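Mind having a look at this structure? Questions to follow.
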Amino acid sequence: MNQEKTTVLEHRIFQGEYRLLKLSAPAIGPLVQPGQFVHLKIPRLKNAVLRRPFSVFKADAESLSILYKAVGQGTEAMRDIAPGEPVDLLGPLGTGFPMVGQDNIPVLIAGGYGNAALYLQAAALPVKGVAFFGGRTAADILCVEEFEALGWDVRVTTDDGSLGTQGLVTDALDPWLAEQGAGAVELFACGPNAMLKAVGDRAIEKGLTAWLSMDRNMACGVGACLTCVIKRKTETGWEWARCCKDGPVFNAEEILWDE
Amino acid sequence: MNQEKTTVLEHRIFQGEYRLLKLSAPAIGPLVQPGQFVHLKIPRLKNAVLRRPFSVFKADAESLSILYKAVGQGTEAMRDIAPGEPVDLLGPLGTGFPMVGQDNIPVLIAGGYGNAALYLQAAALPVKGVAFFGGRTAADILCVEEFEALGWDVRVTTDDGSLGTQGLVTDALDPWLAEQGAGAVELFACGPNAMLKAVGDRAIEKGLTAWLSMDRNMACGVGACLTCVIKRKTETGWEWARCCKDGPVFNAEEILWDE
Amino acid sequence: MNKQPDMRVKIGSLEMKNPVTVASGTFGYGPEYADLVDLDRLGAITVKGISAEPHIGNNTPRTFETASGMLNAIGLPGPGAAGFCEKYLPFFENYKVPLIVNIWGKTVEDYGRVTELLDAPARVDALEVNVSCPNVKEGGALYGTDVDLFRSVVDEVRSKTDKPIIIKLAPNVADIKRFALAAEECGADAVSIMNSYPAMAINIETRKPELANRTGGLSGPAIKPIAIKLVWEAAQVVNIPIIGMGGIYSSEDALEFIIAGATAVAVGTANFTDPSTALRVIDGIESWLAAKGIAAVDDLVGTVRG
Amino acid sequence: MNKQPDMRVKIGSLEMKNPVTVASGTFGYGPEYADLVDLDRLGAITVKGISAEPHIGNNTPRTFETASGMLNAIGLPGPGAAGFCEKYLPFFENYKVPLIVNIWGKTVEDYGRVTELLDAPARVDALEVNVSCPNVKEGGALYGTDVDLFRSVVDEVRSKTDKPIIIKLAPNVADIKRFALAAEECGADAVSIMNSYPAMAINIETRKPELANRTGGLSGPAIKPIAIKLVWEAAQVVNIPIIGMGGIYSSEDALEFIIAGATAVAVGTANFTDPSTALRVIDGIESWLAAKGIAAVDDLVGTVRG
């Protein structure tokens, strides 16, 4: 984990409402593992005390990039970030995705920025299976060609049918899962909570392993403040686990969904 | 007095540490009188609740411009203002300089941004007299050629002698005043408090009229909050006068200097 | 759908056509913002604090900017009740907007005198009582933080007028509920929450306080979460209306106060940042209510869930 | 000229090599920031509040960002005193930095028990006593705002340890001086000022509070002017040292607290914004003192003028 004054190499509209921010980050970039995130201090937003967490989309020895969407004051202010501007970053943070188990077919399931969060894992996995991408509309479906170029079989669903099949990501996942032999499949998911829960429920029902990247509001990002906790099952009940440190990736079996 | 969403036409280094900010301001520009100011809301500085007051340097039917120097968090953040960006302005505000009295020779005395504050007056005065400009060093002396082009006899003093005579503005003013006949001269001054007081003291001593543009920290800028008050002499003692509304220009005779 | 929502609220017998006023001391005596703001669009105007006699106030500097806020120690300068009536009431003859006059005193008798003087003119619609003042007789104890002194002021003001009286609570108390209840019990028509919070800034180069008065009141967005909590707490215990204020910059901020329990709201420091704030807040509340299909702003008051 | 200034300060018998610690709850239990911050450069580490027994804390959401600040209602989850000693004390064997453990309880006896449990381990150098907690026995009255309850806690803690005890005052009182004096009278070695300020935010769409606990504590730059005032006031009346905190983001902020009367300072919310803050503050104080030719940071404490 490092704190690094990075420099903006590129900042542009990526697709639809998503922007790509590429930063020169020689201290953080090379350390990034799939599923980890960075904690970004928004330049010039002087009334904000908190950083904002973003999954690392791509990373190499010199740089890293994120994909983000403006949803509030912080991400809106990020749109003003200028090329060449310094951006203070903490990272890489958190516990990312594990390798796929021996002989398992990896399946990726993504919604929203989940595509960005899964890209490094998609690249790192030695076997390429099926990737299910869901979104509201065509513009929300990111990186299909990039995942295909890595060798993934990408299946798209959109709420409005403007790309791929109309419906939820689970509408595509369920029939496909039904065709597979038990135990042969391992799931890696990142997206809205409802999607993660749906994926987790299916995995538990079918006895599959599912790795869910959880999204919680964060303050410190390093495990110190206990803001980002989720309930993790223990033998006797549950305990708080920190999404930023113990996660964001958790085994679906561990998660106690009670909200 | 108007509130106007202006647009940045030009923003550049003017000289030394001073920048010029030119705004498209068709509602405010045409109303500006010499010595008045505008109250500027600094874009994107979200932790600041107060506007910042700036004298109008130039104004016409479509636009106005200010000259400013970065001295604190507000003016530093102003350097990020981008061409085309909207800037919310209140103006024109305050009571500016009066016309020069019949048969009087006008004398301008400026330090710092005072040159900007006096330019419109210099242009408006029907008679062009002598202009005394003082500053720390050559880079602080603004607009000499512009004032000369208007017909003013400009005399420069700098603390370090890097331009004009070495010394304070009063070192140049005093001998010149000594040469003039009493009552024939009227002073218009804008600059640091010490300079204004020195000018005021001389005027009172010599029975001259001096108009001083006072600089006080402001909050509302329109006379409502009573932040910017100075002591104004009354028959029985003194009362508070609002620099933003009753001033910034006051007759030196009115001012009770007791700080 | 989208019927025009009913924006009217009542503060005692005072009828406001919308729930938005301006905070005392941030909007002068009326004329100052009249060029920029159509005063008759406001639910009410609340003017700068007035005492029985003219008062000179503090030395300068009187304000200082802080993170998302500002300090002020203006020191309540003013023309006194008679001076106010003479200088400013005629101006209001040209306007229909309800006029709330904020009052203060250094002794209980002062509060009584200024109330009497302002009870007479018909153009004064209500009095807001600033109790965040030191009592000179009681050696500087604050009316706003000592519940017995507090009651004595409210009783005195109540005894001198039948106009609506709004008691403006001091925020720096351990339990705002005691003061809100005391105001209600003493016959106040409403409470307003909150005054600026006692605070200070020191210049490290000069080692002198940034304000001539050394300490001052903190206002602006910085204090909004404190104000929301105090309004919410007071709303649990009193039946009289609450005027909420503290860092309101947008209709969303105002709605937050209303949901917390405020019947009306006041825009203060935001006037300095953007004089159009109060009008934007009015329009914003109205269109939000319309969009949600809420018939009257009153239906939203205190509807916080959970 | 520019001789290395003496940065040492003492909090009771606790010697800090510089006046900067971190605020409880913003720096975890020690290991969390160890990758980013050289812990041994700090004057002391103050860890998250510990109670006698393990505690589960509040539901989420636990924090919410506000203008120049944040709300938190973490709810003091923690491993309990025994858990803390087992899990975290070994970590500190590798460091020389003084360790201040923040403690809390729901009853006076709880405070006594956690003090006893933490009195034993030599690695615990001092206790900071969080009194901003409701007393379950007294129906939720707050230890920090009721001066009798407050005394009973300080007495209890004092009776159970000879280690330095620092009483962390609640800010939401009308007169901080009473509490600072009471702490001193009960034998406290220092007071720390201020805890986060009770506050609230409501989501207007859901009409639910933004925190699961409904209310929380406001911290960050927004509250700095309040904290400066409280430190300045307390410094007028007590002789024991004060640890100042509330929105410290820079060495200038820290110097402001020191000039107001704080012997040491704590960096809280700023750790989230920039984990290097505490180290920057230390370096900044040192070079400022050197530039001014001030021989020791202690010489600056409480030197406000006018």
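Letters are used for the chains, namely A, B, C and D, taken in the order the chains are written, and counting of residues starts over at 1 for each.
Throughout what follows, a contact is a pair of C-beta atoms (placed from the backbone, for glycine too) under 8 Å apart; a residue touches a chain by one contact, two chains touch by 3 or more.
Here the structure is a predicted model, which is why all the values come from computation and not from measurement.
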{"item": "Any chain that touches subunit C and subunit A", "value": "B, D"}
{"item": "Greatest separation from subunit A - chain, by CA centre", "value": "B"}
{"item": "B-D or B-C, whichever has more C-beta pairs in contact", "value": "B-C"}
{"item": "Approximate Å spacing (C-alpha centroids) for the pair subunit B, subunit D", "value": "48"}
{"item": "Centroid spacing, where centroids are CA-atom means, of subunit C and subunit D in whole angstrom", "value": "34"}
{"item": "Length of the line joining the C-alpha centres of subunit A and subunit B, rounded to whole Å", "value": "56"}
{"item": "Inter-chain centre distance, subunit B versus subunit C - centres from mean C-alpha coordinates, in Å", "value": "36"}
{"item": "For subunit C, residues contacting two or more additional chains", "value": "67-69, 220-221"}
{"item": "Overlap residues in subunit B, where contacts from two or more other chains coincide", "value": "46-48"}
{"item": "Category of the chain touch graph - line, ring, star, complete, other", "value": "complete"}
{"item": "Subunit C residues within the subunit B interface of the complex", "value": "25-28, 32-33, 35-36, 48, 56-57, 60-65, 67-70, 72, 74, 77, 220-221, 269-276"}
{"item": "Subunit C partner contacts - residues on subunit D that touch it in the complex", "value": "66-69, 71, 142, 145-146, 172-175, 197-202, 204, 206-209, 214-215, 218, 220-226, 228-229, 232, 247, 252, 255-256, 259-260, 288, 303-306"}
{"item": "Residue numbers on subunit A that touch subunit C, as the complex places them", "value": "46-47"}
{"item": "Interface residues, subunit A side, partner subunit B - complex", "value": "44-48, 77, 80"}
{"item": "Complex contact set, residues of subunit C against subunit A", "value": "67-68, 221"}
